[in-house]
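What follows is subunit A paired twice: with subunit B in the first complex and subunit C in the second.
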Partner chain A sequence: MQTLFNIVVFPGILYILAWTVLLFWFFRKFMAALHKRVGPSFNGPMGTYQTLFDLSKLLTKESITPKGVNPYLFSLMPLLALSIAILPTALIPWTPDITVAKSSYGLLGLVVLIGIEPFILFLTGFGSNNKYSFLGGIRILTQMISMETSFFLAALSPAILFSTLNLNSIIQQSSWLSFAILLPGFVLYFIALLGLLEQPPFNIPDAEQEIVYGFYTEYSGTNYFLLKVSEFSEFMAVFAGAVTLFLGGYKGLFFDGFSFLFAKMLIVAMIMMAIRASTPRITMKQMLMFSWKYLVPLSLVNIAWIMIAKILFFGGM
Partner chain B sequence: MDTLKEILSSFESEYIENYKPTWLKVKIAHSADLLQVAKALKESGLKTISTVSATDFIEDNRIEMNYFFEDMLNRRNCWLKCDISRELENCKIDSITPLFKGASWHERETFSMFGVKFTGHDDLRPIIISQDYYGKNPFRKDFDWDTHEANTVENINLIADSFKREEAENEKNIDPNSSETVLNWGPTHPASGPIRLKVHCDGEDIIGIDPDIGFVWRALEHLVTKKDFVGAIVAVERLCFMDNINSMLSYAQAVEEIADVQITEFAKWMRVILGEVARISSHMMGMGGFYNAMGLHTVAMWNMDMREFFLDFLESYSGARIATASIEPGGVRYPLQKEMLVELQAALDKFDNTKEDIRAIFVKNPTMRLRASKLGFITEDEVHDYALCGVVARASGVKTDIRIDEPYAAYDKIKMDYVTQENGSSQDRLIQLFQEIEQSVDIIKQAKEHVEQKIQSKEFNPIKDHMVKVPKKLPKGEAISRVEWARGEVLMHLVTDEKAKSPYRLKMKAPSFNNTMMLNHLLKGKTLSDIPLVFGSLYICQGDLDR
Partner chain C sequence: MQHTNRLRPFFENITFDRDDNELVLNFGPQHPSAHGQLRLMLHLQQEQIVKAHPDIGYLHRGMEKMAENMIYNEFMPTTDRMDYIASSANNYGFALAVEKLIGLEVPRRAKVIRMMLLEINRLMSHLFWLATTALDIGAMTVFLYAFREREYLMDIIEDYCGARLTHAAIRIGGVPLDIQDDFLYDLKVFLNKLPENMKDYEDLLDTNRIWQMRMENVGTIPTDMALSWGCSGPMLRASGVEWDIRKEEPYELYDEVEFNVPVSDKGDNYARYKIYMAEMRESAKILYQCIDMYTQTEKNNQTELMAHAPQYISAPKLNIMTQNYSLMQHFVLVTQGMRPPVGEVYVPTESPKGELGYFINSQGGPYPYRLKLRAPSFWHTGVLTDLLPGHYIPDVVSIIGTTNIVFGEIDR
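Up next, the complex of A and B:
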């Protein structure tokens, strides 16, 4: 019964759908404020229904499969992308009690599951038989290789500091001191996260002005909906990962609980949106340069700093 | 000017006369001399060809060619005319493209519209018109539009077939073992607007770009000949909706010149105010377009928010926000009420309150600088060669501004100076836009103060002074009129017949045409990511590109 509840309601399918709708709406409203836009106000209170309408519209629209592609592969990829994007939710300790798959290697699972998502998106681009999608797919691979290096290195820092891969015990051991030590790691993780989630200024693979949304180009209707939901589940996995690893997860000021984890995730989302509203896209070359010239070396320095800090403040334990 | 006259008098000509303070009007007797004359003019400093235009005089059985040579820096220009035969076999003239690169597309346009063959042009393909008009010369007076329009289905099939043929040809021409391909950047591309760039690329690297334009060709130059002189303004203002007022202004001036009408002082000042408001609203869209091309929509939204206030003023004045139809031959269309100036003040205040935010976040944006400061360089020589004007020319450091060089309306009484940048990169063009908005706001403030003073002292009557009568029938004549449009020089060449009720021929030269010509030159060897940025920085509007 407990497992069924976990799969269907929390942190399973319903939760992810609710999260998608809410984050979609939140992104829109937050962006609107930054853009000085008004947006729709007549669909329900504060235009909240608009997002629901949009998503249901996507579900009911015709799903077009282009000529010359393998239809099974073409429609399978969004499903695969969604399931892989959902899996990390099982590993994250949402509250002190709820972790669906309790594991001593939670961090490893989280990082690997986040890391293989771009491969699937590359395949969607590859399987679309479209020049733009193909270019988008290649761009994803290039970006993934350069950004994941520092993403993994940054995710490694709490593991080294607390000598564990267990996400729950990382949260248990975190403190204000560990937060301060891990702050550089968090910044690096956050930058790599922007690259991994294809957010500005690293939204190179789905740059609509250059290559028409890249791998999304040929997808429509339900398939597009699935890809969008998997994108937002990916947001959730990565945000929750950031909060769990660096910001103390569900730990709160007076009591612990899901609300604190959620609030912290929204703060990460808000920083991401603020960057999105003020920074134009950079080019592929600049991204590669930035990643390999600055980000990766700094991640290595960060690992060294964590080791030193561990000896200094945690007695080398 | 005198040296120009001397040079021209060495060729046989029908007349050489002064026209306006800055123009020399010449008609050479033999079209074979053209290349020699052009060469001599170029050597004497007229390095720019504004446009090439033909007029079809069907009764005299001749086509008159007009060439507008300009010296951007020294306020001297030459309007050169010559006659050629109207029969298709003999309808030939030497191409001046080898001398003036900027003439290339203008000659192609004249070839498409009038069937004038330019000998020596290396790329004389039709441009703007769609495949069903190829070889039919739609702007000739004997072209039957009604018959052509009747065969809609046939025409569409013809266009579709030619696209298919082109696709098949691409497959044949490209080496199957290379990674070279042809990308269609447009016409249904998120950043392109209705223009199609055929991008030959190898992976992400661009080998060459061939723009295919004409997707919003409305044949405006033909439409005006079907309307009376006042009605024509609604066709003229559709040159581009972003700055519609200055294009009407240019047309109205040409009509007033032929009708020999002097407009009132008040109307002149109103034209300045309206023109600058339109310039601001256009530049704000231009800045937004520049950033949209890099995937950042905030600037467009913020500018849109500010622009609404300026549009409020236009609405209170004319009743329409975009297509105002507010300037017509004889003055400005509507009287000025006091509340309208209150609206204008609100817009100016809004701008003053917001401009520092925009400057800090977007004009000085480090990520934008990282990309745009090293891209899309246009040198001063290229500006002269390719006949670039307005924002693009000034961003490259060329001091050209028709408001100062050839003052019209009340610009001669306004304190203003050239706003220029130094390097001519994409970034400079963005900064140029912002600084020009500031300049325009300053001009509006001056004009507004002046108008308010004169109304107070009863010298202007805002209710009655706005129009003088222009006769409905105009005498035979022709005129050119230049204004500094939002994007640069708009040159209108108006020809009328005896007792005409509508224009006989109106040539509109607009800047986007030349800017688009530059794309291949600027983007060869760059990467796909650079297309939208350079395209956006050139401030191209498809409206005045296709007309």
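Up next, the complex of A and C:
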């Protein structure tokens, strides 16, 4: 019964759908505020129903399969992408009590599941029989390889600091001191996260003005809906991962709970939106240069710093 | 029922027997950043461009031919549809060419109003350029900020002539209307706020590392390349040639106003961006002076708006309604059209995009025998052939953006 509740309601499918609808709306409203415009405002209070309508419209529209592709593989990819994007939610401790899959290797599972998501998206690009999708696929592969190195290294820092891969115990051991020590790691994690989620300034794989919509180009209707939901559940996994690893997860000021985790995730989302509003897009070449010239070396330096800090403040390795 | 397999394959679906590594990408004509209907055939080596071939003609409406079957005044609204971002500049170019052909002297107040319209159009066009280029490079905020100001200008124009995009606000021999009462006030409000707004854009872009990375040393056009491809306007000035037709062959009252011609010798995207920004400031400067000149005409009681030439130009409305001869003359001019003397004329003007020139050959009839438009964007599209090879796909977008091509005037 408990498992069923977890799968269907929280933190399962309904929760992810609600999160997608709400975050979509929140992104729109927040971007609108930064752009000095109104955003969705007609349907429901402050336009909250708008995304619901949009998504239900996508769900009911015809999804077109282009000529010359394997239709089963073509439609399988979005499903696969969604299921892999949902999986990390099982590992994250949402409240002190609710963790669907309690594991001593939660961090490992989280990082790996987040890390293989772009592979699926790259396959959607290669399987679309479209030159723009193909270019998008190449781009997503290149970007993933260069960004994941620093992503993994940054995610490693709390594990080294607390000598555990268990997400629950990482949260329990976290404190203001550990937050300060992990802050550089968080910044690196956040930058790599922008790259992994294809958010500006790293929205290279689906750069609309360059390669139309990248790997999304040929997808429409239900398939597109699935890809969008998987994108937003990926957001959730990555944000929740960031909050769990670096910002103390569900730990709050006066009491612990889901609301604090949620608020922290929204703050991370807001930082992401502010970066989105203020930066143009960089090119592939510049991304590679940035990643291998600055981000990866800095991540290694960060690991060294974590080790030194551990010896200094936490009494040795 | 649709037989998809019976459809003739599109170009990009044809498989070629090739033994090299090139990917042929059909960039446009339906592409988010193809600026209208540009079809760009790109030969790619991974993402690097080996060969670029701009292909035009997807928006061709045969306007030059249409002109041969229209009386001169009839053609005026059609010119709107050429460079639809700054339609008054097109109206003006045509009106000026016909006036040169006839030898008309336009009254001073009409000249001032025309200059105001031209400079407002320049501002609108440059704001639009900034917005779309920033959007092409991914800076969506600048796009929305710049459109806000452009909207204000469109409202001003709408108050004057009733249209927002296709103004048709200029007539051969002058302007049809005097400006309304609050025009100058609205304009002043806008101009006073412009430096603040431009600071917004420049704060977001000027020293933005990513913007600089995307713009500096990308799409560099050396001076000789710019000259040999017939670049004009900001494209030429960014490549180190100080050439502005408003200075070289002043038309209207441009010899009476004070303004600078921004020049840069870098020739890259960033130089072009800087020049567009500087030109917006210069336009604002000119507009301030135009406001003073207009108030001066009010003091001198120069209220004439249309040239006095009964053979070509209808009399003012009041005369048409009250005087028999004026009515007859108006009737003839509307039904048969004016008949300019035999001759041909080429008149260049400095449109927001570059040298916009109208060539008219008149055989003395009511229709032009031949009309030809020298559209700056056409030449700027040609440069892409030489400019793009060696660049990468993201640079293609930023280069197309900074060339500021508008397909309405390329294809006509």
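Keep in mind that, in the parts below, the second predicted complex is superposed on the first by the 315 of 317 C-alpha atoms of A that agree within 3 Å, B and C clash if a C-alpha of one lies under 4 Å from a C-alpha of the other, contacts with A are read in each partner's own complex, and residues count from 1 in each chain.
Definition applied: contacts are C-beta pairs under 8 Å (C-beta built on N, C-alpha and C of every residue); 3 or more make two chains touch, one makes a residue touch a chain.
Everything quoted here is computed from the prediction, not taken from an experiment.
After overlaying the two complexes on the shared chain, residue contacts for A:67 are found with subunit C alone; subunit B is out of touch. Residues 34-37, 131, 135, 138, 200-201, 203-204, 207-212, 277-286 of subunit A contact both subunit B in one complex and subunit C in the other. Here subunit B touches subunit A in the complex through residues 181, 183, 189-191, 203-204, 291-298, 301-302, 305, 361, 365, 367-368, 370-371, 527-532, going by the rule given at the top.
Within the complex formed with subunit B, the subunit A residues making contact are 34-37, 131-132, 135, 138, 200-201, 203-204, 207-213, 277-286. Those residues of subunit C whose C-beta lies close enough to touch subunit A in the complex are 4-5, 12-13, 23, 25-26, 31-33, 46-47, 134-141, 144-145, 148, 204-205, 208, 210-211, 213-214, 392-397. Looking at the complex, you find that subunit A touches subunit C at residues 34-37, 67-68, 131, 135, 138, 200-201, 203-204, 207-212, 276-286.
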